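Per-chain residue numbering starts at 1, and chain names A, B, C and D are given in the order in which the chains are listed.
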């Protein structure tokens, strides 16, 4: 699916397929995902469990577990990620990429003091005196000298996430992949941490891939939104516009099912069924079993992305849906 | 500093275990056939000696008092007299300890030098498939060959064929250290085989366990090299179960030495204990068992301290075995 | 006057740990007074460490408060005297909410068999009725939890909580671990079932959107205290406490 | 709301049986399946020996002393001229039976103590764990020697030693697993519903730690065989005229130079038995207590 603004892309994912193969079964996490991201863009990738957004994030650094098999083309900052030697991929991770994970405390070595971990992460360079303190001050940690002496279990989740951000950003990475970095944090801290990530990324000129299930935060912070379902990109466009006027039935249903946006007394329109788990390539549109507009071809023919209003959309019936809605077909629950 | 917060509790716990163990041993020895005078003096001792012992240990006193008297005399270093030699048990032990220690040092050195690197190697290179099945089989064989089988086979091979090392005529490290090593190396190796295999297995499991922790994933994502990650983010974290096992094995060496020393005819503490059992020299048995458990409790305490130093979470999250 | 199913009257809970100079006290509930009438849901919001989970376990009788009274149906709470089946709970983690070794049917039947006796399999009719009510196919009764999705498991947990027709249910972050689209289904289910069965509910969550949707009144907890307790609409339109306003901004 | 799960037909008894068989077959990997077959063969041989006298009489003197293996005596004869085959079969039987009985006792004791300790936590847990620590402080052979000194050498000593050696570790591990299960929400839900504590312990805790018990029971069996062997080897376990693998090996060492075959057969059988049990234990552990195998390094 081509980006709305398809200039020289820094990240190119072309028809990526990722399977997790265990002896008992195979789970398909990406089912032909395609995405181009130009440098400097802030992209929110939205999806539920099984959508493949985390896999997509890991794929950019070839960080998939050994039981995963990946095919397709992945190009990050001009390097073909899937073809690199181990040394070359390590170099790419070191020089171009940075990752922030959801479990911030877990991403720190529990047996080392914060200061020691920071200086290990800066190797081969040796931190200059005061540099570590400056790093922590940059992520607005109060009393950094004390924090440097602490162990990970002695700090809060929010502080651990700030330290993870400091580690990720100190090399000014060209691309920052953040996978639900605030999901485990309290509401207030969440906002501060999100702001911090985007500010530091702006200063460093980094491209941001913000993986999230939180549509509202994506609308607030990102230029562009990429909605994933069943391992493919189903809608891709300017964040504010997509969330205000979703076109794909899934995006529309997702936006409608947020209780926070509901007027008092209104009933929450829920999508029936559960997010699917693919075991192989989807025969048709992965959303068809839950889609109120699904027609016969939806479950038998794989849809190809089309461009509407400068958005990429993956839907057979995209042009018929406005008429169907007008005709009174209800979206959401069919009780 | 952090150590001071929980160390008193640990010491107290260790003390509780020691007291419990000593009560167990006291009770066991009291229920031995023949009565306590037989235990300490032997069944052929004179009535005068028995009367003296009854006075010394207060055999007419209540059981708790007798226990206290026994503990107090043990604390003074008085473990009774061997029925067979009529020498103090402490002297008997002192003359045999160097041999058993020598075996133990050889076994633990081999375990640390071979078992741990082997475990790290297989742990960081296990990708499933045929090689992992083979690795599993090899380490399983190591822990499946009982010491008495292996010892018997080695004794047979080395006494039947001229293979360079001799079996028997053991020299104590206390008399001649350099001469003792060649005579102790075979029993030491036999003692080490189980330790090496189980250490390799535990190390491999520990390393594999750390490798799937998120902080290792984070280090990979930062582009760190494999060697760097293993050195800085895996080994230290994996060291606690390894340390615990090596300490436990060390504490249990006296148990292993019982069989190895018997088969190799090494006059150390282990074979002495078996002989004592055969001759019903109960004062020796009682002291030997007490010694073994004291070693274990001390090693456990040592491990707790080291664990607390290696992983700061231990003192907070885990309330420790004895806390 | 509407009957209060559950009342907490000046309830405090203090956790003590350590000894000597290392002694710490943590007040998880500080003089909490609240009541939940039949047919109503009280939403309890707050950040982690605010004491809302402790409040939940006190309301369930899982934890004895340090001081104050908990009344259930007007009488002081005593778990040993026949509250079995009258109080139920739905917890957060869909992976851990059901015993993986039991069939779904057995899990749902358990509270009924505890309250009324009989083996787990003797309540099949009630189980099938509950499955209908929570919108699951009857064949689910014979499945094991690992064969179900997270949303389905949470529906089963709701069915298990409702089978004894309890007077009071605690939902402790019951939808927080679910996907957005599934979360909406379960929230609707809770509302519909409350309309049918008239139970009182305590809905504990850090998700203000979800709380607003299901609750009639909302209590905001912070550091063990209730800083604001108000009708849902008034709370969202005009929060009185500073802390409530800040929480709402983050929504 | 519509049903979100497709209906499945009720499983017939035949289907259930087939599923059970398939699960048994897939629970063990190929290597462990081979190991299980070897162990089963050992059991079968020793049962046949006892029932129909497979291999001949273990007590009858049938040939010359210390005869080398031949067609008549496939494993040779011992120092009294008895054929080694029936003695070996009897020895396998004694060793395995003693170990299985001891481990069964251990499993009952350790499961009960471990589940109660894990579920209750706090002081109950502390007390049980500390008693375990006290037993754990004895090296196994030393503990066995102490037991042999108290109750006198023989099968009872071996049995008691095995139980005392294996109980502490298994109790601890069952307690740790039980603790984890007790923290799960379905246990809290059962408590709230008023389910009785014994029911919770059996229905919710025991059922979920059964995997740990199976794995640790398997490992305990291999330790049991080691302890029995060691104790009999030292002369304080099974006594003559009985037979056990440890006892046979002890006899073998006496005549090792003149008749090495006497030690080879029981030695090999003993090692194979322990190896098979360990392989099965590893396989069970991989299946029943899976650990994420998603290493990136």
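Assume a contact is a pair of C-beta atoms (placed from the backbone, for glycine too) under 8 Å apart; a residue touches a chain by one contact, two chains touch by 3 or more.
Not measured: the values here are computed from a predicted model.
Considering every other chain in turn, the ones in contact with both chain B and chain C prove to be A, D. Between chain B and chain D, the least number of touch steps comes to 1.
This structure's chain pair with the greatest number of C-beta contacts is B-D. The most central chain, judged by the distance from its Cα centroid to the centroid of all protein Cα atoms shown, is D. Taking each chain's centre as the mean of its C-alpha atoms, the one that lies farthest from the centre of chain D is A.
With each centre defined as the average position of its C-alpha atoms, the distance from chain A to chain C rounds to 32 Å. As a whole-number value, the distance joining the C-alpha centres of chain A and chain D reads 50 Å. Between chain A and chain B the centroid-to-centroid distance comes to 53 Å (mean Cα coordinates, whole Å). Put simply, the C-alpha centre of chain C and that of chain D have 45 angstrom between them. For chain D, the set of residues that touch two or more other chains comprises 1-2, 4, 293-296. Contact with two or more other chains is made by residues 217, 220, 226 of chain B. Across the assembly, chain C contributes 149, 151-152, 185, 188 as residues in contact with two or more other chains. Partner chain C is touched in their complex by these residues of chain A: 48-49, 186-188, 190-191, 213, 215, 253-254, 257-262, 264, 267-272, 274-275, 290, 333. The touching residues of chain C, when paired with chain A in their complex, are 47-48, 149-152, 179-185, 187-188, 206, 208-210, 212-213, 232-233, 236, 246-247, 249-251. Across the complex, chain D meets chain B through its residues 31, 129-131, 133-134, 136-143, 145-146, 148-150, 152, 222, 226, 229-230, 233-236, 246, 249-250, 252-253, 256-257, 260, 263, 267, 270-271, 274-275, 278-279, 282, 291-297. On the side of chain D, the complex with chain C involves touching residues 1-11, 184-186, 188-196, 199, 203-204, 207-208, 210. Residues of chain B touching chain D in their complex: 13, 16-17, 20-21, 24-25, 28, 31-33, 124, 128, 133, 136-137, 140-141, 143-149, 152-153, 155-156, 159-160, 208-209, 211-212, 216-217, 220, 226, 229-230, 234, 251-256, 258-259, 262-263, 273-274, 277-278, 280, 282, 285, 288-289, 292-293, 296-297, 300, 321-322.
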